[in-house]
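Have a look at these structures, which come just after this line.
Both complexes below contain chain A, partnered by chain B and then by chain C.
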Partner chain A sequence: MRQTKRRSIHIPGGTSILASLISIGIGLVFGLILLVILNTKAAGGAFVSLVTTGFRSSDKFAKVLYQAAPLIMTGLSVGFAFKTGLFNIGATGQYTVGAAFALIGAIQFQLPWYVCVLLSLIGGAFWGVFPGLFKALFNVNEVITSIMFNWIAMFAVNLTINNLPMMLAKYWGGAQMDRTANLAQANPSALIPRLGLDTLMHSNYMNISIFIAVIFALIAWVILSKTTFGYELKACGYNRNASLYAGINAKRNIVFSMVIAGAFAGVGGGLYFLAGTGQYTLLKQLLAAGFNGIPVALLATSNPIGTIFSAFFVSYIQVGGDAMQPDFVKEIIDIIISVIIYLAAFALLTRELLSRSKMHREEEAESVASADAPAEKEEVSQS
Partner chain B sequence: MNDYVIEMLNITKEFPGIRANDDITLRLRRGEIHALLGENGAGKSTLMSVLFGLYQPEKGVIKKDGKIVRIKDPNDANALNIGMVHQHFKLVEVFTVLENIILGVEPQKMGFLEKKEARKRVVELSERYGLKIDPDAVIENISVGMQQRVEILKMLYRDNDILIFDEPTAVLTPQEIDELMHIMRSFAAEGKSILFITHKLNEIMAVADRCTVLRKGKCIGTVDVKDTDKTKLSRMMVGRDVEFVVSKDDARPEDTVLDVQNLTVPSKLHKNNAVKNVSFQVRAGEIVCLAGIEGNGQTEFVYALTGLERPSAGEITLKGEPIVRIAARREKQKASSLPKARTTLMPIRQRSKLGMSHIPEDRQKFGLVLDYTLEENLVLQRYWEPAFQKNGFIKKPAVRQYAEKLIKQYDIRSGQGPVTSARSMSGGNQQKAIVAREIDKNPDLLVAVQPTRGLDVGAIEYIHKQLVAARDNGKAVFLVSLELDEVMNVSDRILVMYEGEIVGEFDPKVTTVEELGLYMAGAKRQSAERTVH
Partner chain C sequence: MSILADIFSATILFMIPLLLVALGGMFSERSGVVNIALEGIMIIGALCSCLFLRALDDSGFGPAHPQTAMFLAIVVAALTGAVFALLLAFASVNLKADQTIGGTALNMFAPAFAIVLTWAIQGQGQTTILIPTWSRITQETLGVAVKQNFWQAFLFKSFYQTTIWAVFLFVIAAVVLYKTRFGLRLRSCGEHPQAADSVGVNVYRMRYAGVFISGMLGGIGGLAYTLAAGSAFQSTVAGYGFLALAVMIFGNWKPLNILGASLFFALFKILSSYSGSIPFLPKFENIKASEYIYLMLPYIVTMIVLILTSKKSRAPKAEGIPYDKGRR
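Our next item is the complex of A and B:
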């Protein structure tokens, strides 16, 4: 017998949290299997550090929070666009532009941190305009435009920074040519405040960026669930025809949605690089932080509040993964981490796809189902 | 030998907040047509979905030929030769008729599709039962009636002999309904057993042998159709007497509210225009009905009127304001030295603010956001009004209160009231929600397309009364309907549309259904200057 588990389309909060947890479990199990295959002897110990490191010491926990902040932002970016029926794969480009705006403000113009965060927001929003406009005006798929604009963003930012000598570490007495200045040297006032949290948690990584990110998550939640604007956005995402019928300006909303999504991703870039612990490196590759927003949003089923927790999970696994060195080399660890994160996200996705395609097959095969006795079917226990 | 092919014994099925089926027993005889009647939300579709394996009942058993069976999913149902045609068809739009029929049971030869055999059988079946189809037509291009025949052929192709029809006639034209009745009779004569859900009592009286009535999830009883009549049936179903004819005074039309001049709308299906040079007026205080056989341009006309589609020529004025004005082509403008006419196309929101309300034909495509709750859907046209928002923030309590008012007034039934997901509501109650929303907007012009599609007799009575009440309040009502009963019953003036043109105007008090039928079929047409009664 085929499996009889069916999905309820309108997943209520409880079940969707449960589903996310189960998916995380599946991801972890696969991670363990992979570890065993690659290095049986060290697997057990490595897995333990993978899952416990984040909570083991306050400085590790600080690092989890530090990495979670930009992930929350990119997760919000992807999730927000999702709610409007758009797939924002351009979060990484928006993140990069946001980072560049923030850093240029901080180093070139010696602005204080809050102005720089604001600049990163503007930069990301600016980069979201393009896919939004192309989609709204010419009906060009946002995925295609976003991908192109990811590369444009990366090269444009590299070019700009390369041509602003003051931006580079070398100008400030650093050794390397290929990265931006250390903020502590170039403009300490642009560092995101730590408010003593760093001494409290014995970690250089600790600053208030996690709180800023949580505030943005709350803002996203308020927009989506409390405002007429959010009501319109979701209506467009759920049923374009009905939103047209209701006189909702879908084109305007598509642009706004992408702009807001871009702003979130941009702030993510700002928060990360204004912490002072990372320097923007001029490499010809897209930043992974933007793409990691996708599984974060998936795991949270695009819920802004859920995004806080799923970003925390992803960050936690990354910190734990680093602790598996030297039993496993960095590249292998990256693979394992991505397997866990993406499997967890995909477990959730496939759960939906499976039940959807199963429903399709049924419908097509025996003219099942309905709109009237709707796709909504309660959870039937395994038989 | 057991008389009953299917016995559903003491079936109970619960959904959050509601017991959709409460201890229902239904027995289906071999070779009978068994009607299932009940108000919107009574649990008919749910009961059939249980039989078809879509839902598992909490209590009760199903017997096939006297033996207990467990139907866990539609595959099991299929194995027991149970087939179902749903009210909203589930066909793959971009596939051909033939591909849809064989989908899931494709004949193969070494992994390759073997269509020849299948085609032969399909053609044979369609000829045997008079189910006219074109095997190579693509679903999205064929009429609803043909789509339904495809659904029926799907069941026949799978050798089903217990056939469930969930409101098959709601979307058909009167001619198609006659054909379907005929086909159902021939199935029954062959020994197939049919379960037939409908809200139309005439149909039950015409074809059914027995009828089971449900009310609020409970089984009221099963009656022999020959021992009953429409009044008795509706009393069983609603628990009171229903008036089939709305009582209304003569219309007292006043100022023109809607003025349509020479409207032409291109067709999406063919090269010709779907609506050709149509002109007419609707005045305050009258109900004007656009009648016609499905597919004669009514849909396109309404789309152009409500702003969902762009006409290619003509003018529409609402309360004196132009909402559509298509500028003539360049060449013409140069020739005539008239001042340059500008094209006007008022956005939908603006039309709505000006006083237009629209009950759309396709409730799930346009009328509802199925993933929104009932209350969110009830404010779909008004969430932006100061009553429901302040500074862009939705006033949840106000929305809740308003929803509760409409739910009560229009008797919209659902499991969890305002917070029920629209997707989980019964078809008729989804329709009621839309009708409530659009009428309660208190529009100056109400465009109602098939407003009572899928509603039970009690609800139809109520909606018709509301339409008449709106008229008596000095509103203009523009009704588009395929149901001649409704057309004759409710309207003050009837316009018949045939192939995109208005071919006649009638007074329902003077004309007859037969007369209308001739015009609708294109057999007759009035001359250019219409008879004015």
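Our next item is the complex of A and C:
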């Protein structure tokens, strides 16, 4: 019994990183094979640009960082909920509401950027309340609530933006009716500061959002690993009944977990749209950015620090994928990522085997040691 | 009167994919596997059957025997959906992986694969697959005289073979689940796999069967959605797989309730697109872009109903938990 408990909680970090790296390697090889099948002549060059573009020039690297920031946030959102045993498929809705709160603050109320980021956090948290509360109070599956609220978010945001005349680009002299105002025209103080990084890296995309995202990842790590609250959240995720028995208020923790997850996703939306390089377009489709948080979180096995690296990786090969055009479709990147995620299933298995064999070795050592000194055995089983 | 016929026929048209895919999800979850990959399965089914229809159209077989071709396309959709779903079964049954991880991977794979394949077959930038016009069942097909009345508009405005098969499959699904030995065994694997195993039921095989059936129904549902949504397949099913998942939960994992839930949801969805032309609905003239209010409505109403009925909602007990023989 003691062994199974130890196995599920203490999976060694080293093996899990190794497993992720193996999946990435196989995924990339799969991508290469796909490229060769589709267009043998252009495959080699395309693959090289896929794996090297991100590091090739400073402006490409800036683009990687720019895209990684919202990915870190949505990845944190999904991962944080995973830790509590909840599947937050609603990151895209929370992302959308966060973006809308930030943009309304920026354009309609002309607020500075840090207030807008805070607003996006509140917006996302507000949208996270619903799946959490409905799960806790009415026992409605959080997956279905999240899906429903994704659509409600998108329609509600479009409705609101249409009814705030200052929001649309047309008010500020733009030509388009279907998107929000260009921030550089509407309110330059709402743009996330660039601190000269843009001239340093020769890219309009560069700003401090990546640092903000990393700080949030550290916050998530502190909450989960260093606080009683985080311990309670994880306990609910591992075994809800056991945590109830231990006197943990599972219902309250479900709501808090979803609210925090929502806040992360909301900040992601804020960071992306406050960069000033993308305008929110009034479409009748869900934003893909929120869904991309799912593979990021899975690749990082929901570890907040790992999320930074997995988001960076996903963003990196996306930039590489853009460079493969027009010889290849950039959706090949999605295929590679999906293969990597699918392999994560294998990875879990291999990880289990690896840690099991490691434990076996430890146990042998333990039994040898205990044969020599029986007193030591007492100590080991107590710890 | 004709608008009423339009609404009814459009409701049924959009209800069919929801019904089929939700029934598919039901089979998978009743066997104990959470099938979040329905969206991807729909896309693969729709992709392959639409490509198949194009090929038949080019070869001349399609225009000559439209309904035979359509039947074959449905078979193609079912088989490809099922084969794709086997990837989920492999990950969740053999590898005992987290079922949402496998499902998410498949959902991500399917639309990307659809775009890549469509490009590879049709040439660069050609991301839509046109559906041949002969796929629809018209009065000419059946040899009925052309009349302009309520029934004509109701029955023949958008009538496809998928509708007929959906009715059949619904009845078969309900009978299989509740009246056969297979159905009983399948359900027991979703409730208490250890107990099922102890009386000699092969849990792994049952779960494979559940996922396989859900792939078949999901694939056909993908084709039905594409037919309902317009004249072409554009590498997406616009979140219908997830909606079907919601319909399945709304329908409490029971065939008859799923039928009701899909009808309910489709009706509200169609009402939103016809809101402008229905006289008794409020128009919200002071609000700009008020169509969004109606677009939101089906989701809000579903949410309210779910809360009201949540006391009775009961998911299969063992769903989402990989079955491990060695575990107590």
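Keep this in mind: the second predicted complex is superposed on the first by the 318 of 383 C-alpha atoms of A that agree within 3 Å, B and C clash if a C-alpha of one lies under 4 Å from a C-alpha of the other, contacts with A are read in each partner's own complex, and residues count from 1 in each chain.
The criterion applied here is as follows: contacts are C-beta pairs under 8 Å (C-beta built on N, C-alpha and C of every residue); 3 or more make two chains touch, one makes a residue touch a chain.
Not measured: the values here are computed from a predicted model.
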Requested in this report: Report for A:S203: first if it touches chain B alone, second if chain C alone, otherwise both or neither.
Outcome: neither
Requested in this report: Considering only touches as defined above, state whether A:Q94 meets chain B (first), chain C (second), both or neither.
Outcome: neither
Query raised in the report: Is A:K226 contacted by the first partner chain B, the second partner chain C, both or neither?
Result: first
Report task. For A:K284, decide between first (touching chain B), second (touching chain C), both and neither. Result -> second
Report summary line: The intersection of the chain A residues contacting chain B with those contacting chain C is none
Requested in this report: Under the touch definition given earlier, write down the residues of chain C that touch chain A in their complex.
Outcome: 36, 87, 91, 95-98, 100-102, 104-109, 111-113, 115-116, 119-120, 124, 238-239, 242-243, 245-246, 249-250, 287-290, 292-293, 295-296, 299-300, 302-303, 306-307, 310, 313, 315
Report summary line: Listed in rising order, the residues of chain A that touch chain C in the complex are 34, 38, 87, 89, 134, 138-141, 143-145, 147-149, 151-152, 155-156, 158-159, 162-163, 284-286, 291, 294-295, 298, 326, 329, 331-335, 337-339, 341-342, 344-346, 348-349
**Report entry** In the complex with chain B, residue positions of chain A that touch it
**Finding:** 1-2, 4, 9-10, 226-229, 231, 234-235, 238-239, 241-249, 361-378, 380, 383
Report summary line: The residues of chain B that touch chain A in their complex are 15, 45-46, 48-49, 52, 54-56, 72-75, 77-78, 83-90, 92, 100, 103-105, 151, 154-155, 158, 166-167, 306-308, 347-352, 358, 360, 364-372, 376, 380-381, 383-384, 389, 392-394, 421, 423-424, 426-427
